[in-house]
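For reference, the structures are reproduced in the following blocks.
You will see two complexes here that share chain A, one where it goes with chain B and one where it goes with chain C.
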Partner chain A sequence: MVAPFGPHRPTRLSRRIRAVFVEAWLPIVLVALWWVLSARFPSTYSPPLQEILRLFRELWLFEHARTDLLPSVVNLVLGYTLALAAGVGLGTWLGLSPRLSRVLWPTLEFVRAIPGVAILPVFIILLGVGPTMKVTLIAVGAFWPILLNTIDGVRSVEPTLRDVAASFRIPLKHRLLHIVLPAASPQIFSGARISLSVAVILIVVSEMVGANGGIGYFVRSAERSFAIPEMWSGIIVLGLLGYVLNTLFRLLEARVLAWHHGMTTRTQRDGR
Partner chain B sequence: MTSRASPFARAGLALPQKPRRAGGLRGLIEQAGVALACLLAWHLLVAWQWVPSSGVSAPGPALARWGELLLTSAYWQVLGHTLGGWFIGMAISVLVAVPLGVAIGLSRFLSDSTRFTIDFLRTVPPVALLPVVLLLLGPTLTMKVTLIVVGTLWPMLIQSIYAASQIDPVLRDAAQSFRLSRSHRIRFLLLPSVAPFVATGLRIAATVSLLLSVTGEYIGGAPGLGAALGSAELAGNLPEMYAYILTAATLGVAINIGFIVLQRQLLWWHPSVRIAPRG
Partner chain C sequence: MNTLQAILPTSAAAADVVFRVEGLMHQYGSSADARRILDGVEFEVRRGAFVCIVGPSGTGKSTLLRCLSGLQTPTGGQIIFNGARVTEPPQGLALVFQDYSRSLMPWLTVLDNVTLPLRAGSLTRRQRDEQGMAALQEVGLANAVSQYPWQLSGGMQQRVAIARALAYRPAAVLMDEPFASVDAQTRADLEDLMLSVRKHLGISVLLVTHDIDEAVYLSDQVCVLSGSPAKVAAIIDVNLGSERGQITTKATREFADLRTQVYQMIRRPAAVKS
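Showing the complex of A and B:
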């Protein structure tokens, strides 16, 4: 390879434009392919993308967004918040008492291995198909990854830090807020991230079975009545929902863990 | 921005800490005691009518029914359907995702180009596609496998891309200057660098895969554990329903333990396994 003649250094701006272009070409090509192929060869199950997008505009901006999407999101947020509170709270407690967590370990491992869908029938019988059931199901399903990661995170707090805190007799409240929880937070976040995708799966599943509204119910009933373009529009909404939730989560994580990322890059740089 | 942040790699690489077995036999007895106490609490909750007996079976009948089921061939067929779908789906995911991910991860252009697309597709909840695959394929094994592949492909792919982009440059240069042959480079450079990350991806995918398998059966009606659970529910046969729930949990535990053991066996040389975590 021959180096370009003369000192050719791309400017910051042109590099950024190039980066955006490199990331964007594949999605654009894929969507264009979908558009062309579905227009050229329309079939019952894959209607033209144009038609789907037209329905998407008609249905989801913003009539059904209010009636079908909003309740789902509210249930999701409620259940997820409950799971976070319970998971971090109990996880911290168990993480601080190694004896307790050791004794409970096999039982916890067994209970958390129940796939969320398998307890769905129990919740339907006990709580009906209303919002209570959905919130409970999400809370229970999303609880386990957060709990286990919190226990692990709390237990792996630097022993020196723990000893220092003990010898200065720092009160429990300050020890939790300023030592234990910050040290455990990277791991708590990675548990919470797994929980988020579990929660999205569970809200959709619970709505596909329970029969009173929600985005999952919309998609499932569109499928049952062979309203294929409507079904696809709902699937697009679900995809966007997943992406938006994940992006929000990432922004929050970057903000809360800014100190952590800063520290790891610095130690890596200094280590070289 | 050369490295792609893997959402799983950081925390996932470390194996879950195994609580130390302090006290050996005594520890074991205590653990069993807690498990028995939970069973007893379950029994009392039902016996004292603190939970409606219309929805919760007592543990006795459930365990008894489970024992009976264990002796029927239908039960093992159900289990075979679920595990079969689980295995085929995982196998396809691995066979597609690992080579593809490594190829993408080794090329700067490819990993930049695919970043957004993969990031977007990863966040699409796999059950969103359940209606589509149901319409196209009906309540069959193929439907279930498709669902599993759609759900597990992305975590595997991301882990593999991340793994390939993390290969130590010093090692890579060394391999080049020694002119290692292609097969040796794969055997001694690529595989050891990629394997730990793929193992983490596998562990995550294994759980997701079981969840999706049961979902495809319960909602989609493909034969297997979920369908058996659904029909026990419809028949109002509570003990049988709970027997199948317990089965699902046992399966989940077995898969978890299986993968941890596998990881310890295959990656015994890797620091995440070698260095015992602090207890």
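Showing the complex of A and C:
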């Protein structure tokens, strides 16, 4: 399916290796710098990286991963999935009813503008500090970008395709599955990407403010008890979590939107 | 001269007629500032016939086509397709749009594009694919089934759109300026493709175009749309035989005469008006 680029293209493998190197050298240098500087000039607040990594191994491989990281991830996945389902579902419905979405749009824009963190106190009052509150908070916070992007994506489906669907009498189910949702999918994905980072922020904040477990709680309580290396190890775990989630998301997006990337690069190359 | 009744007696058996358009009126807006587009358009398409509706840009060809396809409700008159009045997109009518790059789904492969309208029916996936393959074979695209539309040239994309219409096994194909967005050579190829497809499958084709040569070359009958609001200025029979060639047919005296005749019919009402 990939068009040939001509006879002189480098082999796939050597290109891969180069690409990895181009991306990897800076992080390696930074970590090395951190390692050397924190060993040279140790302070209470920035303990040697060696110490942090030792704790990281001790704590997170795998005892606390099970007790603190796993529940956080479960809440995150649950809340995010709910947001996705509700956002795409409602967004499609609203996107297909232009009048309704025009009426609701300003309100939605306003509600969206309220930072998720700002409604945390409300959720604590209503739902306590248990997992229900966290899942709800994530679901509500991550819902808006997905909803608004889905509405926008569905509304901007090529009118000719609507005519195609209508003239071939394609039933609603197939219209949604094979025309509307795929057409809106690039927009839905960009909403879902924003939502993913919102979800990670919200899970950490919710655990820092009111919780008795979870990775955010771990970092906060380590900080409060001046266990600074432990705190840093938790922050590294959070960084890794965000990175892994983002990478998974990118892989999924590259797969689902392969047609879109193919089409746009093609269009750019042909100058059409 | 050529009145509708003289050429197509309305007494012709209804079963032999795919499209019957009666007193079709359409206007945009209401009352005072209404813009009238169609003013009593009348014609028929016999089963198996290739009819071209020709008219200059802005004569309401698109409006007429949208009404014919059931995508738009006319403000007056009626359209009978396959014996039933058109109130919504009717069964058994396949559309080919002008802009292939907008009418195909870039996320579906060529074969999936062609078989999408068949999913609603009772066919199994295998039967659908076979029907789609047959249609793609018919338009000479058997090798492109698993490619995506955007990987193909414009002419090939329009072939995909034609294959989608054929796979639908329609009673009639309705084409809206289908070859207006491709280069001249491709256009000639696609015209010949439509002639051979039509001959091979015996379907009725109603094609809307602004190109007089194209209309005469393809048609059994040319329906000339003219004026503002538009009326049928003439219905001209084209007796060029069933074997036509881009070079041979277009070089004949009859072709030139028909072309002149159509051209005059398009010009005349406008000239009378001014």
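Here, the second predicted complex is superposed on the first by the 249 of 272 C-alpha atoms of A that agree within 3 Å, B and C clash if a C-alpha of one lies under 4 Å from a C-alpha of the other, contacts with A are read in each partner's own complex, and residues count from 1 in each chain.
The rule is simple: a residue touches a chain if its C-beta (ideal position, glycine included) is under 8 Å from a C-beta of that chain, and two chains touch if they have at least 3 such contacts.
All values derive from a computational prediction rather than experimental measurement.
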> Is the arrangement of chain B and chain C around the shared chain A a clash or a fit after superposition?
Replying inline: fit
>> If we overlay the two complexes on their shared chain A, which of chain B and chain C does A:166 touch? Say first, second, both or neither.
In response: second
> Does chain B (first) or chain C (second) touch A:152, or do both, or does neither?
Replying inline: first
> In the superposed arrangement, which partner chain does A:231 touch: chain B (first), chain C (second), both, or neither?
Replying inline: first
>> Can you work out, in whole Å, how close the C-alpha atoms of chain B and chain C get once everything is superposed?
In response: 14
>> After overlaying the two complexes on chain A, where does the chain B footprint on chain A coincide with the chain C footprint?
In response: none
> Which residues, counting only chain B, touch chain A once they are in their complex?
Replying inline: 1, 7-8, 10-12, 14, 16-17, 19-20, 22, 27, 30-35, 38, 51-52, 54-56, 109, 112-117, 120, 122-132, 134-136, 204, 210-211, 214-215, 218-219, 225-226, 229-230, 233, 241, 244-245, 248-253, 255-256, 277-279
> Taking the complex as given, what residues does chain A use to touch chain B?
Replying inline: 19, 22-27, 30, 45, 98, 101-107, 109-122, 124-126, 148-149, 152, 155-156, 159, 186-187, 190-191, 193-194, 197-198, 200-201, 204-205, 208-209, 216, 219-220, 222-223, 228, 231-232, 235, 238-239, 241-243, 245-246
> Okay, in this complex, where on chain C does chain A touch?
Replying inline: 69-71, 89, 91, 93-95, 97, 99, 102-103, 105-108, 116-117, 119-120, 146-148, 150-151, 164, 168
> Once bound in the complex, which stretches of chain A touch chain C?
Replying inline: 1, 3, 158, 160-161, 163-164, 166-171, 174, 178-179, 182-183, 185, 259-260, 262-263, 266-267
